[in-house]
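Alright, structures below, take your time with them.
After this come two complexes, each holding chain A, first together with chain B and then together with chain C.
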Partner chain A sequence: MMSFIRKRAFASLISLILLVVAVFFLSRLTGDPAALYLPSEASEEMRRQFREIHGLNDPILVQFGRYVWDLLHLDFGDSVRRARPAFEVVSEAFLWTLQLAVITMTLVTAAAIVVGSLAAFRVGGFFDRIASLTSLIGASAPDFWVAIVAIVVFSVGLGWLPTSGTGSVWHWILPIGVLFIRPFGLIVQVVRGSMINALSSAYVKTARAKGVRTRPIIFVHALRNAMLPVITVIGDQAAALLNGAVVIETIFGFPGVGKLMIDSILQRDFNVVLAAIMITAIAIFIMNLLIDLAYALLDPRIRY
Partner chain B sequence: MIRRSLIWGTLAAATMLTPAFAQDSTVRIVLNEEVDLLEPCMSTRSNIGRVTLQNINETLAFLDLRQGGGLQPKLAESWEQLEDGSWRFHLRQGVTFSDGTGFDARDVKHSFDRAMDPSITCEVPRYFGGMTIEAEVVDDHTIDFKADPQQPILPLLLTLISIVPEETPVEFVREPIGTGPYTLTEWTPGQRIVLSQRDDYWGETPAVTGATYLFRADPAVRAAMVATGEADISPSIAALDATNPATDFSYLDSETVYGRLDHSVAPFDDLRVRKALNLAIDREAFIGTLVPEGALLASAVYPPPTLGWNEAVEVWPYDPEEAARLLEEARADGVAVDTPITLIGRTANFPNNVEILEAVQQMLQEAGFTVQLQFYEVAEFEDLYSKPYPEGRGPMVVVAMHDNSRGDPSFSMYFKYASDGRQSGISDPKVDDLINRAQAATGDEREALWKELHAYLHDDVVADLLLFHMVGFSRVNERLDWTPTMATNSQLPLADIAFK
Partner chain C sequence: MAEPMLQVKNLSVEFHTAAGTVRAVKNVSFDLDRGETLAILGESGSGKSVSSSAIMDLIDMPPGRITSGQIIFEGRDLLKLSASERRKVNGHKIAMIFQDPLSHLNPVYTVGWQIVETMTAHGMSRPQARAEALRLLGRVGIPDPEGSMGKYPHQFSGGQRQRLMIAMALALKPDLLIADEPTTALDVTVQAEVLALLEELQQETGMGVLIITHDLGVVAEIADRVVVMNAGEVVETGDTRQVYRNPAHPYTRKLIGAAPGKGAMHDPLPSAEPVLSVRGARKVYGDFAAVEDVSFDLMAGETLAIVGESGSGKSTVAKMLLRLEEPTGGQALWKGQDLFAMPERQLFALRRDLQMVFQDPTQSLNPRMTVWQLITEGWVIHPGILPRSKWKARAAELLHQVGLKPEMAGRYPHQFSGGQRQRIAIARALALEPELIICDEAVSALDVSVQAQVIELLDGLRKSLGIAFIFIAHDLPVVRDFADHVMVMRKGRVVEAGTVRQIFDNPRQPYTQALLAAGLDPDPDVQAERRAARLAMAAG
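Right, the complex of A and B next:
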């Protein structure tokens, strides 16, 4: 097990290094920050001074060398726009995204497994049809539209929930509710498909013949075997949420990492872009590792 | 039992955490973009200024756009121009900063020098291009500013300098200290900024005791927040959402949309062609359709309350027959009126940008012009908009939006119309002379010169294709007595807000 984790960590480290190199050079292609931060009438001298202060005057390889050297000392550099350490800016935002992703995915997983399993138990039955229809609608509804409609209905119309922002438990309900819909729709479909397979297998028939009740058949015998493909999809969806839900963050004024990343790219705030990409990449690496370990836990045939 | 009490406990705690929908003397203001810096020398950046200017940090003087009172004293009680052309400011006494230190001339000098210091990249120096200014302390309450060349509008320029204590380091600060009626009490990045009233403010105590600033990028959400009472003021909402006359106000937002013509390229070197271009546009037809109600037809590149606004200048009428006649006349004289003209826009520059330019294109074509429409991203657009202009360019109408809320045409005229102005399409000795003389003049003479230039550029030179002075929309909670002004784009003094 430990050697597996070590191997995976090493492979991820290589991807991370390649990612940092690529992003460092590609982000420089978006243009000169001096052109964005200084007015068009700024003199060449002002532009030179600006680049000097932010270390943009040196040849790009020198800049890269300095960046790597600082990084080895855990210094991610400063944000040009915010005049604060980039790591601080990104970690604040990432913490919000992490909370949002963990809560949403926990709820989605629990709900989707229950609904998907029950739908699979009587294929073509009333519950199955309702579940399939709602999950299909959920998986295909555009989230910016759902978000605005939710605000109009629940905040402006009914006055039950705050429109946006943070500060109390109530503020979390709309963003989580809207974020919930799409992965829920997808995962219900996968659970249903996978459970239909499992429920038609020989060991379920044996269990039924032996008179085991419905609930243990679904949730004890079949579910564990049906979970492997489901976990893969959960991992994909969770990774998407960890990258930040830009639309949701923008509409609900949630200070997450997705919007920060987009803003920083537009603001040519390279250090923040790099820090955000590294931190989310590390989080996704850890999550993938946990998913691999979960495979082994669920299926004794898998050994690392 | 335990579970039930846990549930009720959680619900009760959550209710307590919900911010009370205050009916008190504090206000909540929702801005369109996160304020990620609260540096006083960056207060010319729209949302930073809305939080800091005249709330945390004050200036020597301020431009009164609310009552139209012109330049008014703030931290300076009076000022005068000395014989050598420099300016002397007499400072207010008995003023303290929020950290308890007293305010004197050395603070003013430090604030100016700090904002101009090249080792921090403040936004202020952009307004002081082409001049050198030296601040000299005369005594504790008197300071001189010597400018080379002389600056008749120096007091106006100093409305851009936020005053900070002498001890402020020359680097970006995160806890601004000022002489204003409020201090920063909480700043949670990305979420909120809270200001609270000071007890020891030198001036009149404002009605608003505190303010919370929130940030939402989506205009529909900002409008909804004021509608539900989660916020009291949203300085900018979309025209589409401005549907409630009790809470939604339009205001002239100091932006002017115009098409810049390059007179060095045929056929724009011909006066008749430029006149035809202006006569071909039915400007009235845009108002209330593609351009929101309340917008004004433009006759200058800056809006009406600016010094030297010439009321006598009349916007070009819509007269397609006259336009066609002028074009025919020019064609008969051998002017290349059939050369394809490129109408150039910037993507997402202002609402209905694309539709407005398509309509302009159509109107010009109906008058007999051949027009292509092209859109560019900011950086590429800038290459076409600012000198040096590309070699071998054809005739272009570059449609841009220009902002001047500073009250004086000098912030626009040199760049837009002087022969070596960076965004000028003309080279006219009389214009150059008028600009130079107006910039050096004061008082009535200055006003008269700007008026003359306004009329000359519009009627005689027909310098460009002026279109609209744009409007913005704000939503304001009905409990407040406050309306937006042209200054709302750059500042939002809480002292201006009263309760009904």
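Right, the complex of A and C next:
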């Protein structure tokens, strides 16, 4: 198990290194940082000073070395726009996104498992039809549209919920509600398919022959076997949320990492962009590791 | 006389499928009492499993529907009970074990948990159930019961898994045990052990046993009475001995007649030159030697049977000869050329001489190809064999040779029965005019009556075309009827080899003797003698 984690960590390290190299050189390809950061009316003297302070006159490889050295100390440099360490800026935003993702995915997983399992129990029944239809709509509805409609209805029309921001519990309901819909639709469908398989398996027949009640047959015997493909999809969806739900965060003015990244790209605040990329990359690596561990936990035949 | 414990009366079951309504079980009646063993004997599609599933409410409904009949168990009609009342009967009063214990055990829970669940599902407290599960594991002969409680199904052998199933089924001392082909997937020696265990447990608890099987040997070994089913109907019922001695129905007579192992044995002529001579064949996977130092000669037009239980390395030998597995060492001289050392290009030309027929034609025939495509594919690959203008006539001839009709060439494999599919596989092999056909358990998955026909077909081809066969099997009676020479393998090594007479009439090695003794004879009297001998051996 430990050697598996080490191997995975090593593989991820290589992708992180490639990422660092790519981000550094790509950001330089967009032009001279002095020209990018300073206002166009800045004097030649100011530009010279700027290059001096930021070591931009050194050979590019020296700059790269310094940059890597700083990274190893978790020093991503300062955010040019905010005049604070980029790492700090990103950490704050990431914490918001993390909370949003964890809450949403927990709700999605619980709801999708219950709905998908019950739909699979009576295939073609009334509940199955309703669940299949809703999940299909959920999986295909464009989230920006749902978000806008939700604001129009619940905030503007009914006045129940705030339109944007983060002040209270009420502020979380709309973003979570909207983010919930698509993964819920997808996961219900995967749970349903996987559960139909599991419920027609031989071991379920054995359980029925043993006189086990219906509920444990569904949620104990079949579900654990059916969870493997489901976990893969949950992982995918969670990764998408961790990357920052750009559109939703923007619409609801939610200070998450997705919104921060877009803002920073537009403002050419590359230190922040890089820090955001690194932190989400590491978060996604950790999450994939958790998913692999969940596989092993659910299925004793899987050993790393 | 009191009512029997179980009475099935005029049971009919229909299945609604896309192809229409199938009456799987028609007016089936039988009864069974405490302490009695009743066998339902039938081939695939006879409705024997559906009848037993109906007793346990395990028929999927829909598509299945019970259209008539009663299942009276201990005075109550099970079909009139509510779902929750039937649940209380299942596992508690009536229990069931199945053919394939690996897929019937839940792979993600420990076996201890699964055995305990039988008892807790019917109200026993967990600590009490745990103690009982431990006792049961010991009783069914699982080594280290305490440690085994926490293990998962995949960590046990096939025979042990069936013992686990038995422990789970018998946890609440049911009055009736239904065993659906309980030993079909097991090796003969393991089969004998499991059947003996079932009998012992029956004597201890006095339960009735309903055993579903296709195997006359199992019936002879264990059943007091037998119900013979064909095409959804009961054709004959009676005392096992009586039915075997004086079968009343033509189908029963056919079934008994088709049982292998009764014909005359071959007497191979001493021959000068072997076509294939294997010396020191070896295959190693990592540290594990699957095949070690296997040597044999095969004469032209003869059949060599390689016999062994699972894991003996018999299939690996076959795959090495066709280079489907790369040999680790040794040589195999085919007419003087070493198959093991041959470069791929040279091997290609030889491929047509060496053909293989696999166990499961459903998997070995491409489902998207018609019979015509399957048969002619070899001629496309080896253009020298037959000019295109003659393909049609030759394909028709081949189909005729294996007992199929030429107009079937346009159909796909799924449109045939299992036996017919295996004939297609044989026709495909014959199309290349091979000199050696390797049959890897080629008749194991077939019903006995079909098995007999396929064996007859193969033997006829051997005689008329002079094809040599390597016949890999675990089933000794089939081998007895068909082989000239027999080689017995165990754990990758050759235990004993000789002519079929030597091996069957005069086995020298204890393992061969054990293998022969464990085999089940369809004759109940022969089987009773063997059992007595076995018990005497165990006692003394």
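Everything that follows uses one rule, which is that the second predicted complex is superposed on the first by the 273 of 304 C-alpha atoms of A that agree within 3 Å, B and C clash if a C-alpha of one lies under 4 Å from a C-alpha of the other, contacts with A are read in each partner's own complex, and residues count from 1 in each chain.
Quick note on the criterion: a contact is a pair of C-beta atoms (placed from the backbone, for glycine too) under 8 Å apart; a residue touches a chain by one contact, two chains touch by 3 or more.
Quantities reported herein were computed from a predicted structural model and do not represent experimental measurements.
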TODO: Using the touch definition from the top, say if A:122 reaches chain B (first), chain C (second), both or neither.
DONE: neither
Task: More chain A residues in contact - chain B or chain C - done: B
Open item on the list: Is A:215 touching anything from chain B or chain C once the two structures are fitted on A? First, second, both or neither.
Closed with: neither
- [ ] State whether A:166 touches chain B only (first), chain C only (second), both chains, or neither.
- [x] first
- [ ] Please indicate which partner A:6 is in contact with in the superposed arrangement: first for chain B, second for chain C, both, or neither.
- [x] neither
Task: Contacts of A:66 with chain B and chain C, given as first, second, both or neither - done: neither
Open item on the list: Quick check for you: in the superposed arrangement, does A:49 touch first (chain B), second (chain C), both or neither?
Closed with: first
TODO: Would you check which partner chain A:202 touches, where first means chain B only, second means chain C only, and both and neither mean what they say?
DONE: second
Open item on the list: Going by the contact rule set out above, which residues of chain C touch chain A in the complex?
Closed with: 56-58, 60, 87-92, 95-96, 98, 100, 103-109, 117-118, 121-122, 152, 154, 165, 168-169
Task: chain A to chain B touching residues, read off their complex - done: 31, 35, 37-43, 46, 49-50, 53, 81-84, 89, 92-93, 96, 148, 151-152, 155-156, 159, 162-170, 250-253, 255, 259-260, 263
TODO: Note which residues of chain A are touching chain C in the complex, please.
DONE: 200-203, 205-213, 216, 221, 224-225, 298-301
Open item on the list: Touching residues of chain B toward chain A in the complex: what are they?
Closed with: 10, 13-14, 17-19, 34, 36-37, 39, 118-121, 123, 125-126, 129, 171-172, 174, 189-191, 214-218, 220-221, 224-225, 227-228, 230, 379, 382, 385-386, 415, 422
